[in-house]
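Presented below are the structures under discussion, each in the form of structure tokens.
In what follows, chain A forms one complex with chain B and a second complex with chain C.
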Partner chain A sequence: MANSISNTTIVMPGERVTSIEDLAKSKRVILGPGLRRLDDTVVASKAGPLRHKDPNTFWVDNYQRRYVPARGDLVLGLVKAKAGDLYRVDIGSADTASISFLAFEAATKKNRPDLNPGDLIYARVLNASADIEPELVCVNSNGKRGKLGVLSDGFFFKCSLNLGRVLLRENCPALTALTRQLPYEIAVGVNGRIWLKARSMRETMALSNSILSLEQTNYSQIDRICGDLGEVLQE
Partner chain B sequence: MFMNSNLFEPGKSKLERNFIQSAAKQNTRLDGRKSGDFRDVKLTFGADWGTVIVAIGDTKVLAQVSCDIGTPSSARPNEGTLHLNVSLGGVAYLNESQTTHDQRFLTLNSLLERTFRNSRSLDLESLCVAAEQHVWCVRVDITVLNHDGNLYDASTVAALAALMHFRRPDVTFLDEEIRIYSDKERELIPLLFLHYPVSVTYCLYKSNSHYPYVDPILLEENAADSIIVLSFNSYNELCSLNAGGSTPTKAGIIMQCARNAAKRSKSLVDFLKKALLLDEQRRNNKEPIMEGLVSLLTNKSQTISYNHLMKEDVSDIVMREKQEIPEKVKTEDKPVAVDAEPHKKPSKATPAPINDSAWLPRDKEASPTVVTSSAPTKTNRNKSQRGAGQQKSTQKHSKQQNQSDSEEETKPVIK
Partner chain C sequence: MNEIATDKGKVPNDKLREMRCEFNPLSRCDGSVMYSQGSTVVIAAVLGPVEVKTQSLSIDGSYLECNYRPKAGLPQVKERIRESVIQDVLELAVLGESYPRSKMSVQIQELEDRGSIDACAVNAACLAMIIGGLPMKYSFAAVQCIINEDGEYILDPDQRETLHQRASFTFAFDSLEGDLLLVQTKGSFKIAQFNDIECLCRSASANIFQFYRDNIAKYHGRKSSPTSDVKEMETET
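Entry: the complex of A and B
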């Protein structure tokens, strides 16, 4: 957490966070994931270290593997089935997401995208609400696909949501360190799924193993792990 | 729609399947093992008799044995009963649909039934208290805590370890009255075994049907085209074979699997026996035992590791052999290197002759493709056990037996 104060207060669900309440008396505060306002009190709804970003943002950085969809998230999904003019896509949330036949670049009623159950797609969450199933799209507002769409070849694996978020952070040290070792393509979904493709299968395997080993590490260990990878591949 | 129906299991997507298939073509595995390498097996015994947790890599299984007095079946009035029960609730998150769950449950249950019950591994007659009236009913509850492939081996090892660890109270039957003694009054009695079976799992891919992967992880298992599960006892007798799937497999490959599986089963049983001895020593020394399941899962201090325990053993024998016949040891094998990696040593040496041929017809094709070369150090150990194996082997194989005997006699000459 480079840009947050490194106070390691651990909060548990249901715990009152009085430090935020005190601050809220003098100025406006923003409560992020894992914190809730109940009348005049601030209560944690998830367990984990309390994080703070200046000037007034708070959130709980909890360890989680279950994805809760949110609008605008980039996710990796597996096509489960065709259903009328929709595809059912598994994105690891409580409910399967759906994506329309027309939500692909240059797709028309006649020209349908060729997707089959078991395919992996990189998509954006269009709308997400607790009561209706999430909807995905593979185009931006201009109708261009950009980086979204079907991912073929390569390897795909699941990890915790935290690791996904760590990799997605701007100038993530892990990905920079890995880039120094070898070229590769990567697609990280905030739903804790990662797609990888390197030049050879061996490299892809090495990369996926080193990324998975980042799960329990701190920033100081990342460089060491990435260095190890280079040594292994040079053998 | 089911709550958990939205999760794809690892290995079920097209991408993963293709990747694993191409990896199989190059004979590489995701975790860096060779096709014939096993993961480490770890055992932790609980405070109660017959409680054990077995971990193979990330796969974790808890087995608990209990017993009580019941009535025998009318078909077998002088035998106790053995009931095996598997609970897959711990990995319910994996099950994509109800059918996957049922299928997994059924295969596992039938494997256990065939391995332990149908092969009559337990001496059930010794569990009889009074014929047609009272017998001991032994029950094995297997709870799957985590699934990372090879649930088959984990649950058979767990069941066997728990049964071997279990002790039942003593009982007397006088004047139509049963009296069960508590452990304070009389010592508890271990169960009697006729043989010790464990299973070994292989998975095969269409892209490469020559190198079956042993001890697959979940990804490999789910992406596999066929899975072969073989149960062997320590006498090299086949107890159950489960081979399905769609890979065209040569008989030679299955034979080769069987040969390696028999060897593995034997060393697994050896390991279990050693681990039980170690546990008994700890109990006799009044070392603190772990109370409760949580400490059983989290406390690693009393975990017994296969690689660790058997490594000592192998290096022990290697050292002893060196002292006996120092001229035979290759000069490039420094003693330090042997200590550090005793498992590597056999693979460097010339592939040792397979001496399980007593019960298996050998075909010429299979021998050059043997993946795991057996340790030359093991050869001597196996020979001493051969007598038992031969006595037990069926008459059907008597021809092969003779053939292999002559083969073995010639071997020293070839060496």
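Entry: the complex of A and C
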């Protein structure tokens, strides 16, 4: 699609993006993170490459480590405490999130889930906005757990939000390359947190180091980095 | 680095010293930068939005906290003055309304002070906020200029050049229209000199804004590949 914005245009905070304003004159435009509307102008509030998705969505792909919760996100949380009917879960945002004990599959008032402080859960953000504390659930709207719930064993580490989003792409080439080397289980949260489980501790560390190296390298070097992971670990 | 000898009769220095920056040298904060202007080096880190104490909690916006640590010794009153100066500039630039009931904390550690440390600290704070992903209304840049004993204007002075100064000025400008965000002066001067120096500093700040842009571009292009990320990312499964 012919558009005047190349995907490598860098915008700085305060910069007016006139190309979006021109487009908005003829059709509806969706402004994503990093862009805001000031009367009739579109101004960037963060620094980074300006990205575009057909037909009319724009956002700034800035580097960020701190997660700001949004509804519908899949996140990895660390249970901090039990407080009556809720668990307090740390998802890396400014406020601690809460999850009701009923928000688990087959949970009833008498049948509480077996969750303790220190457990890791993969949950979906039910409610989040700037003014409220985020709420999580471990079930979908049908009451089934799907892939959500407690994650046991394995290794937990943090990364930037950008890396998390890269890994969450469909058929992420990095994860496919790693699958060819070693079998593993992985859970990636939009909040820049990753849980990894492989057959042994050495393999888990090797895999987590390869994933973290993606922060600095790009896809073409994936095979070089992960290529002989399997053989190296056999020794 | 500019080599300007202190003997009389030299051409006034109207160029900024060489600037360098390295992003995210620290791993535990949300954004950090090691920034240098000539030999003056500073590390700035931001944390935020994070939880805030109830006494500083505001429902309208976030609470901005700034800490400056000198290279040696405990922070004294002059460090507190620097902190409040930097905090004032940051409060103008940051979009506090985005994250109510939270705190944004900026920590600045002086590694080496070889002239114009105030300007260096302000610039480092701006870069740290940019790489930390905090939303801002605009970016800002500070420039220091002195009038030496001969009445010459020296931009971005070195430690040696500030030894015998008649007056010193630190200005901070925004990136939108070059409005003044900060004015700090010391010493005696005429208003005509003040106006000249303000113009000199404003045109120098354009170089700093370009430096910010180039380094952000370089940081995002560090994984540069011809097949770079043009596709959309779906974060919902």
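One rule holds for everything that comes next: the second predicted complex is superposed on the first by the 224 of 235 C-alpha atoms of A that agree within 3 Å, B and C clash if a C-alpha of one lies under 4 Å from a C-alpha of the other, contacts with A are read in each partner's own complex, and residues count from 1 in each chain.
Definition applied: contacts are C-beta pairs under 8 Å (C-beta built on N, C-alpha and C of every residue); 3 or more make two chains touch, one makes a residue touch a chain.
These figures come from a predicted structure and were not determined experimentally.
A.B. asks: When the two structures are superposed on chain A, do chain B and chain C clash or fit side by side?
C.D. replies: Pair status: clash.
A.B. asks: Output check: A:A94 vs chain B and chain C. Expected answer is one of first, second, both, neither. What do you get?
C.D. replies: Touch status of A:A94: both partners.
A.B. asks: Taking the superposition on A as described, I'd like to know which of chain B and chain C A:D131 touches: first, second, both or neither.
C.D. replies: second
A.B. asks: Once the structures are superposed on A, label A:L151 by its partner contacts, choosing first (chain B), second (chain C), both or neither.
C.D. replies: The answer is first: A:L151 touches chain B but not chain C.
A.B. asks: Check whether A:Q64 is in contact with chain B, with chain C, with both or with neither, and answer first, second, both or neither.
C.D. replies: The second partner, chain C, only.
A.B. asks: If you count the residues of chain A that each partner touches, which comes out higher, chain B or chain C?
C.D. replies: C
A.B. asks: Do chain B and chain C land on any of the same chain A residues, and which?
C.D. replies: In chain A, positions 93-96 sit in both the chain B and chain C interfaces.
A.B. asks: Flag every residue of chain C that touches chain A in the complex, lowest number first.
C.D. replies: 23, 30-31, 47-52, 59, 93, 95, 98-103, 130-139, 174-176, 209, 212-213, 216-217, 219-225, 227-237
A.B. asks: Quick check on the complex: what are the chain A residues that touch chain B?
C.D. replies: The contact residues of chain A facing chain B are 78, 80, 90, 92-96, 116, 118-120, 151-158, 195, 201-202, 204-205, 208-209.
A.B. asks: Residue numbers of chain A touching chain C in their complex, please.
C.D. replies: Chain A residues touching chain C: 7-8, 10, 12-15, 34, 36, 45-49, 51, 53, 61-66, 68, 72-74, 93-96, 130-131, 165-166, 168-170, 190, 216-220.
A.B. asks: Residue numbers of chain B touching chain A in their complex, please.
C.D. replies: 1, 3, 5-8, 10, 12-19, 22-23, 26, 28, 30-32
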